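Dumping the structure here so I can ask a few things about it.
Chains here go by letter, A, B, C, D, E and F, matching the order in which they are written, and residues are numbered from 1 within each.
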Amino acid sequence: MFYFDKRLQYPVKVDSPDPIYARMLQQAIGGIEGEIRVCMQYFFQGWGARGPTTKYRDMLLHTATEEMGHVEMLATAVALNLETAPTKVQEAGATDKIVGAVMGGENPRHMVEGMLHRHLLSTGMAAFPANCEGVPFDMSHIYASGNLAADMYCNVAAESTGRVLAVRLYNATNDAGMRDMLSFMIARDTMHQQQWLAVIEEMGGHAGTLPIPNSFPQSEENQKFNYNFFSSSADGSPPPEGRWTQGPSLDGKGEYSIVQNQPMGQEPVLGPARPDSGAQSEQIG
Amino acid sequence: MFYFDKRLQYPVKVDSPDPIYARMLQQAIGGIEGEIRVCMQYFFQGWGARGPTTKYRDMLLHTATEEMGHVEMLATAVALNLETAPTKVQEAGATDKIVGAVMGGENPRHMVEGMLHRHLLSTGMAAFPANCEGVPFDMSHIYASGNLAADMYCNVAAESTGRVLAVRLYNATNDAGMRDMLSFMIARDTMHQQQWLAVIEEMGGHAGTLPIPNSFPQSEENQKFNYNFFSSSADGSPPPEGRWTQGPSLDGKGEYSIVQNQPMGQEPVLGPARPDSGAQSEQIG
Amino acid sequence: MFYFDKRLQYPVKVDSPDPIYARMLQQAIGGIEGEIRVCMQYFFQGWGARGPTTKYRDMLLHTATEEMGHVEMLATAVALNLETAPTKVQEAGATDKIVGAVMGGENPRHMVEGMLHRHLLSTGMAAFPANCEGVPFDMSHIYASGNLAADMYCNVAAESTGRVLAVRLYNATNDAGMRDMLSFMIARDTMHQQQWLAVIEEMGGHAGTLPIPNSFPQSEENQKFNYNFFSSSADGSPPPEGRWTQGPSLDGKGEYSIVQNQPMGQEPVLGPARPDSGAQSEQIG
Amino acid sequence: MFYFDKRLQYPVKVDSPDPIYARMLQQAIGGIEGEIRVCMQYFFQGWGARGPTTKYRDMLLHTATEEMGHVEMLATAVALNLETAPTKVQEAGATDKIVGAVMGGENPRHMVEGMLHRHLLSTGMAAFPANCEGVPFDMSHIYASGNLAADMYCNVAAESTGRVLAVRLYNATNDAGMRDMLSFMIARDTMHQQQWLAVIEEMGGHAGTLPIPNSFPQSEENQKFNYNFFSSSADGSPPPEGRWTQGPSLDGKGEYSIVQNQPMGQEPVLGPARPDSGAQSEQIG
Amino acid sequence: MFYFDKRLQYPVKVDSPDPIYARMLQQAIGGIEGEIRVCMQYFFQGWGARGPTTKYRDMLLHTATEEMGHVEMLATAVALNLETAPTKVQEAGATDKIVGAVMGGENPRHMVEGMLHRHLLSTGMAAFPANCEGVPFDMSHIYASGNLAADMYCNVAAESTGRVLAVRLYNATNDAGMRDMLSFMIARDTMHQQQWLAVIEEMGGHAGTLPIPNSFPQSEENQKFNYNFFSSSADGSPPPEGRWTQGPSLDGKGEYSIVQNQPMGQEPVLGPARPDSGAQSEQIG
Amino acid sequence: MFYFDKRLQYPVKVDSPDPIYARMLQQAIGGIEGEIRVCMQYFFQGWGARGPTTKYRDMLLHTATEEMGHVEMLATAVALNLETAPTKVQEAGATDKIVGAVMGGENPRHMVEGMLHRHLLSTGMAAFPANCEGVPFDMSHIYASGNLAADMYCNVAAESTGRVLAVRLYNATNDAGMRDMLSFMIARDTMHQQQWLAVIEEMGGHAGTLPIPNSFPQSEENQKFNYNFFSSSADGSPPPEGRWTQGPSLDGKGEYSIVQNQPMGQEPVLGPARPDSGAQSEQIG
């Protein structure tokens, strides 16, 4: 169960409120690279963790709980960036006339309004759990497979795209307060990348964990095709060489090679449609 | 651009058609762990790949093209498993009476019909791009971040959950044809896990790629908090120890430690609501 | 604006309530082939219709209004089919013991409960605007393009898949009341297929309406490639012949032919990633 | 920011694991009446609360934090109910033969497998953030309007449908452990209904809060039509009488009456389509 | 069943067409606070209403039918606001050069085009059933629980957020025609808030309806925890006092109090993973 | 199975990169009128095609394979249009000051950034499978009914709305490279409209294919109501005349007529709520 402290994990200050930047920050709240996603992903992985100890469950809950605080920080940052956003045409004031003249009738504040519509129309100038384009976060992005190693790679993926996003947000602003907040979040993403990869390491690294799931006997997979790069070029020209086209595989259990992709199977022929299946008469055998 | 061969990449045979298994296979078509996802993910990563060479673009397109053939194999497998599914109450035949008596009126074929509804009602006994519960595949699951290393981890995640799913499908059937098809797909997932991790290896492994993105100067992240595990237990009890709580970090650029999470920030105070923002009067300053 | 009569457009009777059939009927309410879709599609096409007269707007509103009555009929049919569904384990009664014995512990009513969950848990035994698998109807399926001919074909598509669904539902039941209701709905779908195709006919048929939109001068499309079937077979083997591979085109403005698909374009080379775009260092030029 | 205790808020015990019941419980996790919804709704309302004090913000965070613990309890209950679910055909054992004979070939365990597919295929027998039909929770259901009174009614709605759901779940099981857990959750829903309505009371009840938002001068709404029930019956027959058709309005600011709905507006005539807007030629003026 | 009159319920006039405002109005059509939602919600509640009389069913259908006319009015308003929107770069005309110079190359009309994309590209300048950001309306927002009192609170919530939205739209425009239309809609929302609350009143108010559902015996809920505010502050500091922390509860059946939240449950321990469940070997007991 | 050539089907050149136009092009990638949709629709129709020959299956796969190449072209076009988009505030440069003065503080580049957010924040300046407003493509738009004629009309609908979109995109740009690419795509849409209609023609045209499905005996539909236009006007005023209100039906099997819509059914009366169904006490019989 959970407790809260009404103070934030790290200071959130906005020197110059910027409603467009508020929109951008939404991506870090409700985007697939955002904080709701990692928070919920770690919770569901933890709550469903099966295994000899509760060690990984506990670790996941520690970090999930921290991430909830990150959602809170970002929601606060959005609200602070919206403090001065316009709600009324009249606020635009006198300069509008000049701009209107230059722009042939269009009112640039109007454009801003349009771009802010959801914050203006639906939230009363607050954050909401959607991405920067207003697409609501959809919980199908909570990856929790029941396989610990698979889940760790899902987490590395989430923290990698998450840090990429945070860096882009950092680069997109000059606001000192926002940059300070983001420098903290970027640092936490660094650690979390390290953390999930360290679990892989602890579980045996490439040799110990691969192929995932390692509980399935490799003798039952088709061993003719488990370490070959399939080339699918139409003219048979070879694919580019890389670490993955020759030499020992990373798990030490195979040897990479290149194979030209070609049909081993048949042309599929399905049975005719049933008389009562709503097909056209011509489809019925 | 693309070409096709009307034959399948690998043989697809169904010895005993099983409509329930058809439902299960849908997860490998339109589930988030499925083949449409990896196919489209590799395509979009490839089409958007930026960098000094087209090497990674090419590799991604080779594998994406292969995956399209896997979607085709699975769609064929679903159609073949549905060949004998019932479309009409009358097909249930004479045994119904006995069963009906035993079951107090319920008709078990009816139950099956209900569970097959979408295949029965919407597709005429064919595959469709949704998961095993009929939730349509949603393209927000195509992860393509513009960062090559982040994308590789997204791909490892996809192939790890994908192989876990394929193994579960393998375990859930005794059909020799289906097991043969899946033993091929499981093998390809093995290779694809190897392949994306090999790109990471080629790009420098942990030391060379982390933290992702490695183009952001670590001097700008908050270096006090980038290699610490934050403990969020309410009573301050320590988190479980692991590779991630002490010793050098995987990238060799830091030292793991444990820090008790506690508020460094303020209690947030937002400005009052604007008079014209549709708030209650009491909220307006 | 709108009015209602509390009576239904056509009688809805259920002779033997069947909760599984209630599930199936949901597809005709909230499935993409269902009645909410055509109702809303015709409304939005009508409300947005632009042109010299209001004739098509009016016609669309007549039929949209009729379709709302079909949603009502189906919602009633679902509720009536659910009248006797179980809500409690205890209702299952004495026969359970026998069945339980036969089935090794599983309770088949339990299965039914599971399959009915949403009707049981969320609606109190009533219809809801989702398909037979509980996927909520999503209004992106309202096709209204602003081009009258395109919209008519969208409507033919909707009424064709709609009648296919209604036929499948008819075939799936022996209930006389349900069959009577569906024989009416199937008849209306017949008319609506006729109706939208008659608009095409009135607008000039193939010669007058194609290609859609006919307001775009064909001189501006690439006239080398506007009546050719592109063959994409990898080995260059010819595609099957048909009405579409030779002879005059349906609009009388071209001649069908077959062309082997092959690259006319370049290998795309994108610029390197920007230094501040969150890419890996290796991607930055 | 947040902390956790690894113990649950209230005991979760499952006496007889029941995989079908696990499915049902999912509705209380990821259904729109479920606990993720209230948890996130209260958080976002709290984080965006504007007004003279932080009182309501604080209250919302207390309860949101409690709700997170309810999600945890339910996720645990799902996992415990799945402990004995089958993953393999072979587990079904000897009784299958008899059942198969009775049922004409269908294997009832197979049916169960089908109904459990997502838990079997995607989660490794754990909860996931979707409803009982596998529809992922979608964050557009987080209602947080920026108007405190509107938000309170959204919360009463959530807790009312939530308690209805919990009662249905209670009635659907005989498991003593599950009933004990639900009797606690039902009690908390009782309090939460009381709590949000008490805020309305504190803010002045009907007279003080209505119409919402009370900051908009009623002189600017059309005062001819703000307390009348519009009858939309086609034949002009009167609607049923009720508290809302005569007597003083609840806010004391008007008098209820009945008005027959009829057109006050025009037949809309839109301009012709633009020449370059992709319409058919016939639509262009 | 239903009828229509081709005239609108209330006049819709647009004095100065404004494409940005058209976007904003979309929120009132296809947003979760919008008119499609209330229309469909009341229909489905009405069609599924069970009880001794058809009184509430009738009332719901009257108002649902009225709401359909509101969708029509708003769709008309959107189309009229789009009458003069640009479809071609060339229309922008001579002033562009100046603006272009000022803006360093960007063309502000281009921006507008971008913001209007869907109206321009998909609808031919007409309304569509999505919110102001183009997110399609999703029918999971139709709340109809089968419990009359719960449904009434869902309706109050819908009309409260709906009136808040309408007020914000009113404040965001100076167009006399639009303000007149909205002053009518705001008035109707006033009545509808009154209407649904009056049903609650008629059913016995707080004492008679609470807790919802009132058909569940309170003796079966955990009576130790049904009228207490749980404080979840980490340091045990007390929550803010309010009507909900002491004194008699609104339903007169309990007494409010404050309780410090703390674990009554156990640390959950799940069983190990099954050998064939696709887990890592380490997770298998 | 599939092969690729790294060259594009047709040249893609962008003379003046335009990030706003990149956004617009997204509609042709991930919009419902776009290329992912037709590609996947033809694949799933082909993979599930049942009937006496594999002719239609083959034809569908040829065209589906071509369409995959169109997605590739458009993804390339998006990436090329984004080559010069700003990622940093600082790039805006000196002209900002003037513009800022004119605009009263708003920075128009900032607006552009806001409008580009997803390309900036999520993709590193590349295409993604969503529409021009960032709504991810949802595979429920893959129409494949199992009825060949119904599917052909779904395809005509897709290619009609697709060509309308392509024409609008053509009209929205002056870029010679983009216009050349689109003139090719518009031409292909012309052919594809012809192609699917030619299948209908080959299958017997209106007389042979209608009503769809033609395998259902018309004697079982209600023949009193299968060729009548139902008028739903409240005052009984007649609907507009058209090809569909009199004369022989298009399939030659009926005669069009007009019928005034009126209730043939009853007022529905549902049973009372069950005692244990979570309704209010008043609803329980």
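Everything below uses one rule, namely that a contact is a pair of C-beta atoms (placed from the backbone, for glycine too) under 8 Å apart; a residue touches a chain by one contact, two chains touch by 3 or more.
Please read these numbers as outputs of a predicted model, since none were measured by experiment.
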- Shared touch partners for subunit B + subunit D come out as A, C, E, F
- Message: Measuring between Cα centroids, which chain is at the maximum distance from subunit C?
- Response: A
- Message: Can you work out the whole-Å distance between the CA centroids of subunit A and subunit B?
- Response: 12
- Note on the structure: Here the gap between subunit A and subunit F, centre to centre from mean Cα coordinates and rounded to Å, is 27
- Query: At what distance in angstrom does the C-alpha mean of subunit F lie from that of subunit D?
  - Reply: 31
- Query: When you check subunit C against every other chain, which residues touch at least two of them?
  - Reply: 1-9, 32-33, 47-48, 50, 54, 58, 61-62, 65-66, 69, 76, 79, 87-88, 102, 108, 111, 115, 122, 124-126, 133-136, 138, 140, 145-147, 149, 164-165, 167-168, 171, 212-213, 216, 232-234, 261-263, 265, 267-268, 270-271, 273, 276-279
- Over in the complex, which subunit D residues touch subunit F? Could you list them? 164-165, 167-168, 171, 234, 276-278
- Note on the structure: The answer for subunit F against subunit C in the complex is residues 3, 5-12, 32-33, 55, 58-59, 61-63, 65-66, 69, 73, 76, 79-80, 83, 87-88, 124-126, 135, 138, 140-141, 143, 145-147, 149-150, 153-154, 156-157, 160-161, 163-164, 167, 170, 180, 183-184, 186-191, 193-195, 197-199, 201-202, 206, 210-213, 216, 218, 220-234, 239-240, 242-244, 249-251, 254, 256, 261-268, 270-271, 273-274, 276-279
- Flag every residue of subunit B that touches subunit F in the complex, lowest number first. 1-9, 30, 36, 40, 43-44, 47-48, 50, 54, 58, 61-62, 65-66, 68-69, 71-72, 75-76, 79, 122-130, 136-140, 142, 144-147
- What residues on subunit B touch subunit C, complex-wise? 1-6, 47-52, 54, 87-90, 102-104, 106, 108, 110-111, 113-115, 117-118, 120-122, 124, 133-136, 145-149, 203, 209, 212-216
- Note on the structure: Listed in rising order, subunit A residues that touch subunit F in their complex are 18, 20, 23-24, 27, 31-33, 92-93, 95-96, 98-99, 102, 108-109, 111-112, 115, 131-135, 164-165, 168-169, 171-174, 232-235, 261-263, 265, 267-273, 275, 277-285
